[in-house]
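Chains: A, B, C, D, E and F, in written order; residue numbering restarts at 1 for each.
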Amino acid sequence: MKKSNHIDQYGNVRMVNISEKSVTLRKAVAIGTISVNSDVISSINNKLNKKGDVLAVSQVAGIQAAKNTSSLIPLTHQILLKSVTINFEIIDLDIICTCEVISEGKTGVEIEALFATEVALLTIYDMCKYIDRNMIIKEVKLLMKKGGKSGDFKREK
Amino acid sequence: MKKSNHIDQYGNVRMVNISEKSVTLRKAVAIGTISVNSDVISSINNKLNKKGDVLAVSQVAGIQAAKNTSSLIPLTHQILLKSVTINFEIIDLDIICTCEVISEGKTGVEIEALFATEVALLTIYDMCKYIDRNMIIKEVKLLMKKGGKSGDFKREK
Amino acid sequence: MKKSNHIDQYGNVRMVNISEKSVTLRKAVAIGTISVNSDVISSINNKLNKKGDVLAVSQVAGIQAAKNTSSLIPLTHQILLKSVTINFEIIDLDIICTCEVISEGKTGVEIEALFATEVALLTIYDMCKYIDRNMIIKEVKLLMKKGGKSGDFKREK
Amino acid sequence: MKKSNHIDQYGNVRMVNISEKSVTLRKAVAIGTISVNSDVISSINNKLNKKGDVLAVSQVAGIQAAKNTSSLIPLTHQILLKSVTINFEIIDLDIICTCEVISEGKTGVEIEALFATEVALLTIYDMCKYIDRNMIIKEVKLLMKKGGKSGDFKREK
Amino acid sequence: MKKSNHIDQYGNVRMVNISEKSVTLRKAVAIGTISVNSDVISSINNKLNKKGDVLAVSQVAGIQAAKNTSSLIPLTHQILLKSVTINFEIIDLDIICTCEVISEGKTGVEIEALFATEVALLTIYDMCKYIDRNMIIKEVKLLMKKGGKSGDFKREK
Amino acid sequence: MKKSNHIDQYGNVRMVNISEKSVTLRKAVAIGTISVNSDVISSINNKLNKKGDVLAVSQVAGIQAAKNTSSLIPLTHQILLKSVTINFEIIDLDIICTCEVISEGKTGVEIEALFATEVALLTIYDMCKYIDRNMIIKEVKLLMKKGGKSGDFKREK
């Protein structure tokens, strides 16, 4: 297991010190899926949802969430995001959400990308739960990450 | 597909009117899993994580998230939660999170339970990402739901 | 000028006590307008805006704002909203926003309706400012209000 | 109409990428007015309002709002503000609010100045609504803007 | 030590279930003091502070804090406050803050009163720190509490 | 009393302009104490609290509060914190909280350190109030501060 000279031997909860890290361009892409029934797919494709345009609302929700990450995930640092983009692709009964976040700073943005993905998918769930109560949010994960000392990451197929 | 006399034929985004609904006891249980490597499991079991006690922090994060649901998921109603409980179970390389939310009111609490689950799992991810970057959050879903006009729900095995 | 036995003779800022008031159905409708140039109107009508569907995003923003009123307007009470609806009408170079808010409780919802209107209009401004920098938000006002001891209100033409 | 190579041909909602922009000093001044009756003017001038000093509370509300802009206006970027100043001038039955915001960064601060103005005026409304229910918030607009690639702006008389 | 049948033998963090409790009028009064030097006292009494009227801003800050308690203190329940009043008294070099909070509900409001007191005192500190860096916030405590099953409380002299 | 060329002779509330200040490493350490009875000490030492591990939850609460300072303390600037560490020491019936905050920027972080201390102590209070209602939060103060034009500060014994 990776060791760290930051380990507090008393088990204290802490926000790790990043002041010595260098400022670099940071980018992360996360992906996640929600499985729904065919009525949900029709409702979305035909923009028939009684609460409005499901995917547009979910994109707004995801973007807002990305900016709010440090309030919800306790030990993350505050980051000024430079770009957030959320895309949806529908394959059969899966709605696949991809979220790309870009920033510059001393720490990465993968948690922001993952959080935006989770919130965008849950917003779809919320807006479609009157149609289908068996939806499942699955496989939320990091696709790639760039910038920072720990090196780039690209998920293998 | 379920019809609704609330449908706005102009496709407007709206927060559906719940003022006519009756106040009942509401309960929802959500479940979700994060798959991690064995170093993460050891780190959690031995409370060695450099940021502190992973599961305790994740419980706090999930509880706080449940209370904040209506700020993050755009069309949800504000609800005063009466109880939030988050439990973790570790089975092999899976950390399984179960979240139960109780309220009284005119609308259900399944989104609150699902959101708390998502945030608790992502907090584990955040605190352990320096150990494992291949973690996957998977199968976030509703287990059961009680109270309200649309009837009880219990996921079939 | 209306007198009040709540007046604090020392000029203290306070959140007025509403615990003696009775719970009634509350409804308020606010209206406001943003004047834009014809390029903005075309961009909205043709959904060409580079940031997405302007009116859908503005509706989401207004709804979220309504729920957040008590965090932004210091002396307002927290209220659980039962319904928020935002509609837009385009007349020549004016985009007119109408917002209806419904609640049940001990205090009215006109500030919520007005705040949602302000935020929806400013979101239009934000999304269109790259097209027109001379936009003006004008005539944000209460149209009607129902429920509560102070009596109903309906703005005269 | 202004073209943009950022246009997403699928109409996706996005937070535009500003990471390529340069950091400059940014300044924006917004102005707005609330029209009230003479009882409101007396109440403010004599600091008789039952909730406290109306203009001081409204200044605090406006400053807090400026800092919170990116949580309320969905596609705005997070900005660290360096200065927020709010002034009021009373001319007959109009209370005129001017708000100046200064920052350094990759994006402008006009939305922050406009939002602070809207919130300061609505706080006056909230604190005076027990005296006058016909108040109107009108002519909220940008007066000037400095810094950034799109050039300076000064509203013509 | 008080026993509780709610004790979770696994040490889980939880938001205790209050759904069985009855709704009663709740009131709590907290008190706290900040000790400052004589320049601070003069600055406040003569309203000379370079940031504005110190006590008015601190009252607004305290009221806003009371409404936000459940976001900051993790295991508190959300409560709709009916009244928040903050008063200051200056005795020699002590500024004494008293905060009364009233609500109706299933849980008490002492944490809200204490939190508002802490924030009001810290706002004084923030606005006066350019004058005195030795200020101390001291003796923040509950004065009285009414309503609820655990009985009334009144601090003995 | 310290003079300032920033003084607004009209007594306006303002967020002081820091755009001319230079960026330096900032550090502040605050300390505070809560006095409790011996049952509280046993409950904490034996991790018997019915709501969970008191000190871990309080650390999370303090860290979250530090990041939220500018939303609660009205005239503080937004700051991106680089590190937050909270430690507890138990001496007899006193639980002593020390909080260190590090940042880089144009303004100091003492308010962040003090606010985190206040919130951590109040979280202990909240989680232990069912055991002891006479707890007192006392002596919250700045221990040291480094960086910035006004010079370093170290509290004398």
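Assume a contact is a pair of C-beta atoms (placed from the backbone, for glycine too) under 8 Å apart; a residue touches a chain by one contact, two chains touch by 3 or more.
Fair warning: this is a prediction, and the values are worked out from it, not measured in the lab.
A.B. asks: Tell me which of C-D and D-E has more C-beta pairs in contact.
C.D. replies: Contact tally favours C-D.
A.B. asks: So which of B-F, B-C or C-E matches A-C, with over half of the contact pairs the same residue numbers?
C.D. replies: B-F
A.B. asks: Quick one: chain D and chain F, Cα centre-to-centre, how many Å?
C.D. replies: Inter-chain centre distance comes to 31 Å.
A.B. asks: Determine the centre-to-centre distance between chain C and chain F, using the mean Cα coordinates as centres, and give it in whole Å.
C.D. replies: Each chain reduced to its C-alpha mean, chain C and chain F end up 36 Å apart.
A.B. asks: Can you pull out the residues of chain D that are in contact with at least two other chains?
C.D. replies: 12-16, 52-53, 56-57, 59-61, 64, 68, 71, 74-75, 80
A.B. asks: Which positions of chain B touch chain F when the two form their complex?
C.D. replies: Residue positions touching the partner: 52-53, 56-57, 59-61, 64.
A.B. asks: Contact residues on chain C for chain D in the complex?
C.D. replies: 1-2, 4, 6-8, 11-16, 32, 39, 42-43, 47-48, 50-53, 56-57, 60-61, 64-65, 68, 71-76, 110-111, 114-115, 118-119, 122-123, 125-127, 129-131, 133-142, 145, 150, 153, 155
A.B. asks: Can you list the chain A residues touching chain D in their complex?
C.D. replies: Answer in residue numbers: 25, 56, 59-60, 63-64, 66-68, 80-87, 102-104.
A.B. asks: Enumerate the contact residues on chain B facing chain C in the complex.
C.D. replies: 10, 12-19, 70-71, 74-75, 77-80, 105-106
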